[in-house]
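I've put the structures underneath this note.
Common to both upcoming complexes is chain A, partnered first by chain B, then by chain C.
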Partner chain A sequence: MISAIYDLALTTGASRVVRGCRIEHVCGNPTLGAEKDHAYGLTIIRTALGALTAAVTGPTLFDPTESPPETVHAS
Partner chain B sequence: MRLELGSFPVRDARFGTRTRWADGVLEIDRAAVLAAVRRDPLVSTVELEIARPGESVRIWPVRDVVEPRVKAQGPGVVYPGWFGRSIETVGRGRTHRLAGLGVPEVSSVNWHDAGGDFVDQYIDMSGPWAALIPQSRLVNVCCVVEPEPALAVQTKNEVVHRATLTVADQLAAVVRDLTPPDVEVFELPPAAASLPGVVYIQCVHSPQAMSHSEHTFCTGTYGLTRLAPPWLLHPNEILDGALSGPYRTMFATSWAVVNNPVLLELYRRHGRSLRFLGVIVFRTEWTTQDEKDLMAEQAGKLAAMLGAQGAVVTWDAGGNEFIEVVHAVRACERLGIKTVFLTSEDSAEGGAPSMLKPVPEADAIVTTGFFNTSLLELGRVPPVERVIGYRRKSAGDAVDATIAGGEAVETAGAIAPPWRYDDHYGFNRLSTFAH
Partner chain C sequence: MASELRAVHYVNQFFAGLGGEAAAGTPVQVRREPVGAGRALAAALGAHARIVATVIAGDNYFSDERERARAAVRDALRELAPDVVIAGPAFEAGRYGIACAEVCRIAGAEGIPAVTAMHPGAPGVLMYRREVLIVPTSASAADMPAALGALARLAVKVGRREPLGPADVEGYLPRGLRKSGERAEPGSKRALDMLEAKLAGRPYASEVPYVAPEVVPPAPPLRDLARAQIALVTTGGLVPKGNPDGQTSGNAKRYFRYPIAQLETLRPGEWEAYHVGYFTHLVDRNPNYVLPLGYMRELEKAGVIGALHPWAYTLPGVSTPVAAARRLGEGIAAQLRDARVGGCLLVST
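Our next item is the complex of A and B:
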């Protein structure tokens, strides 16, 4: 699950939670401009796909801004 | 900060040759009041209509209800900050109010164009719905107003609320120089240190994130509705309308906020059973986890810096805003501040929790029931003889369904109650039972 309010998603027991940007734009950040927004969105989606293959033992947070290969700061 | 609040009770209002108050009757020079509103060239049409408790009248739709107040002495203006009104700090001197009178703001103007958020609150002056909302017990002088149609929606919001405040100002002005039959003094003199210090954390919705409006509607702090870190207000500022504005539920309109029983009860207990330390106004609907948590932490820190041993938390919204609100409760509790949370509940259908995120620190909760009226089994609200405002439902879910089907919804007919019934501040005394 990709969620801007990831803490709530973890509380409800979702096993794999990806930190999204904001409630208004969960999978991107239009204030970054088109190119960086696209890259940031891709990072979120790749993190989500990676999370699908990760073994977890309970609700686990995956933070796209901490994962290689590229780091894009949301603000 | 000392405020004398002088009340002039109103048991009836009628149109007459000049605006004046005498012995509980407000006579209104309709033409003069309307002329004052029409001084704004952006007003297209405006009308005044009176609705009395017990009449078969429906006021449709209602964006706000304003209690006419006026500064008789002391700095500033009531309902400060809105659209150029003075932002000078209020809460000192003497304020006069027309008690029992409301000025409902009636217009077809919607909050914003972003969708999913409609003005569909209404007031019935008699019948089962009237029994459930406090504004039905007021003599209501309705400001039915439309702005010029070519304006942007944010400007339309401005025009409509400014018109309502103008009507309230015109009516309150006639008691400014009179001697009120009843005066209550509001101040917070030093109280015994043995009494517990209590802070009121009043959470108010900000429409900014979803509507992009920073100041045109919703409960504003000196007219500002934007997302901002928590404010510290003296309760007297709130009594002068520093926290006011149109809002989507009757229980958080301007009238409701200046008559908030939680605020008044905390105040009246100052020096007797507690020390009332002030009001932290906490804007909600932050849209990242970090922002929600930061604001909650800061609200708790402010309460601790004020020396609070207790806190009462209310909120006026629903949905994701619950997170920062309940985290503020948690922040207070973790700082050793005993905190009571007043809240409505979500439906517990399907095994879901009746609160979005229960936290163990929120261990003293007063419920105001389910806010979703369909769960209250109220049935339909019966027809009325007269509608003030609009005879056809012009916004909201039902209109989408019925107009698409080629059918208009007559607001004079039997209709569903407004979908929200959220008595945030405990105006009513509905009973509850567990089952």
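Our next item is the complex of A and C:
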């Protein structure tokens, strides 16, 4: 689920929780201007779709505002 | 002193002493006396009520010949015209508990007060707790004396048609009903008393029982997003402009689904949010904030997802009791499952 009140969603046991922007505009941010708003919204939805493909064992937060961790190979 | 009530008792073949599974096909029969467990019940009722008849049916008969059994019980109750019907106790029994609850429902439909008793986890409770007065018992018939005492007390009360107090006071399982009433102290005073008791470590009882959220195991991950059908659901109260279906703005009893197969995005002026829990002006300007159809179409075209499910599901997720939310969620989930939807994005405001 995508929710701006993501901590509540996690507390009540939702398995895959995506951090939305604000209660009044969960999947975007009108203050960013049209272009950036669109890009941000798309990132939220991509994060949500990615969450569907992730194995989780319990309530897990997926945060679209964090860049995914880079894979470092030690070789 | 109140006059002696006329009670009818319902028992299965086992508690009537007819036998176990071998006698479970016994059709409905009526005996004009207390039978089996009914003798102890008669003792518990004392001078307040007399068991004028016992209705007996085998567990399999009541379950397999449901309509016949129900009709026979109804006919018997019409003929006997008792003041109260008492069924069981059934303890943890599955078929017997359901039969007891159904006998109580039949009595209720005939205008006869009725009460039964069984374990809170029994199937009869799960199915009928909202409709039937059920005294909680332990799982085992070893608890018979205590169960009969509680059952008899409540039977006399409902038989006399005395007003029934709250479940925890009267000793029956909560039916999920709220009744208006007056309390001696105002809410502010009661809340402060409760807080004081909590701080002092004294016991107190909340007036709003806490229901722990159900633990739902996570669904396995989607293996192939590019082939999956994805659905959109929102609790943001989205409705077509003008709210043509008359959806409520909170405490939803229903959800609605709307066809989106022909739509590329949600346009302002065609949709609006009807939701008492947040300021909806921004969603009214861009409905995709709660139902991200535009983004999903982009990702569908790019091949990120297989297809977007042709229906969008929506309701206002505010002031909704957990039980109602569960019922609505189960309905949506069942429809998505039937449509072979692989994954779902739920936007919650």
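Note that in this section the second predicted complex is superposed on the first by the 66 of 75 C-alpha atoms of A that agree within 3 Å, B and C clash if a C-alpha of one lies under 4 Å from a C-alpha of the other, contacts with A are read in each partner's own complex, and residues count from 1 in each chain.
FYI, a contact is a pair of C-beta atoms (placed from the backbone, for glycine too) under 8 Å apart; a residue touches a chain by one contact, two chains touch by 3 or more.
Keep in mind the model is a prediction, meaning the values are calculated, not measured.
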Touching partner for A:55 - first (chain B), second (chain C), both, neither: second
First (chain B), second (chain C), both or neither touched by A:7: first
Of chain B and chain C, the chain that contacts the larger number of chain A residues: C
Touched partner set for A:23, first chain B, second chain C, both or neither: both
Partner chain(s) touched by A:33 [first = chain B, second = chain C, both, neither]: neither
Chain B and chain C footprints on chain A, overlapping residues: 4-5, 23-24
Touching residues on chain A, where the partner in the complex is chain B: 4-8, 11, 19, 21-24
Residue ranges of chain A touching chain C (in the complex, touch as defined): 1-5, 9, 12-13, 15-16, 20, 23-28, 30, 41-42, 44-46, 48-49, 52-58, 60
Chain C residues within the chain A interface of the complex: 213-223, 225, 228, 230, 236, 278-283, 285-286, 288-290, 292, 295-296, 298-299, 304-305, 343, 345-349
Residue ranges of chain B in contact with chain A within the complex: 209-210, 287-289, 292-293, 320, 323, 356-357
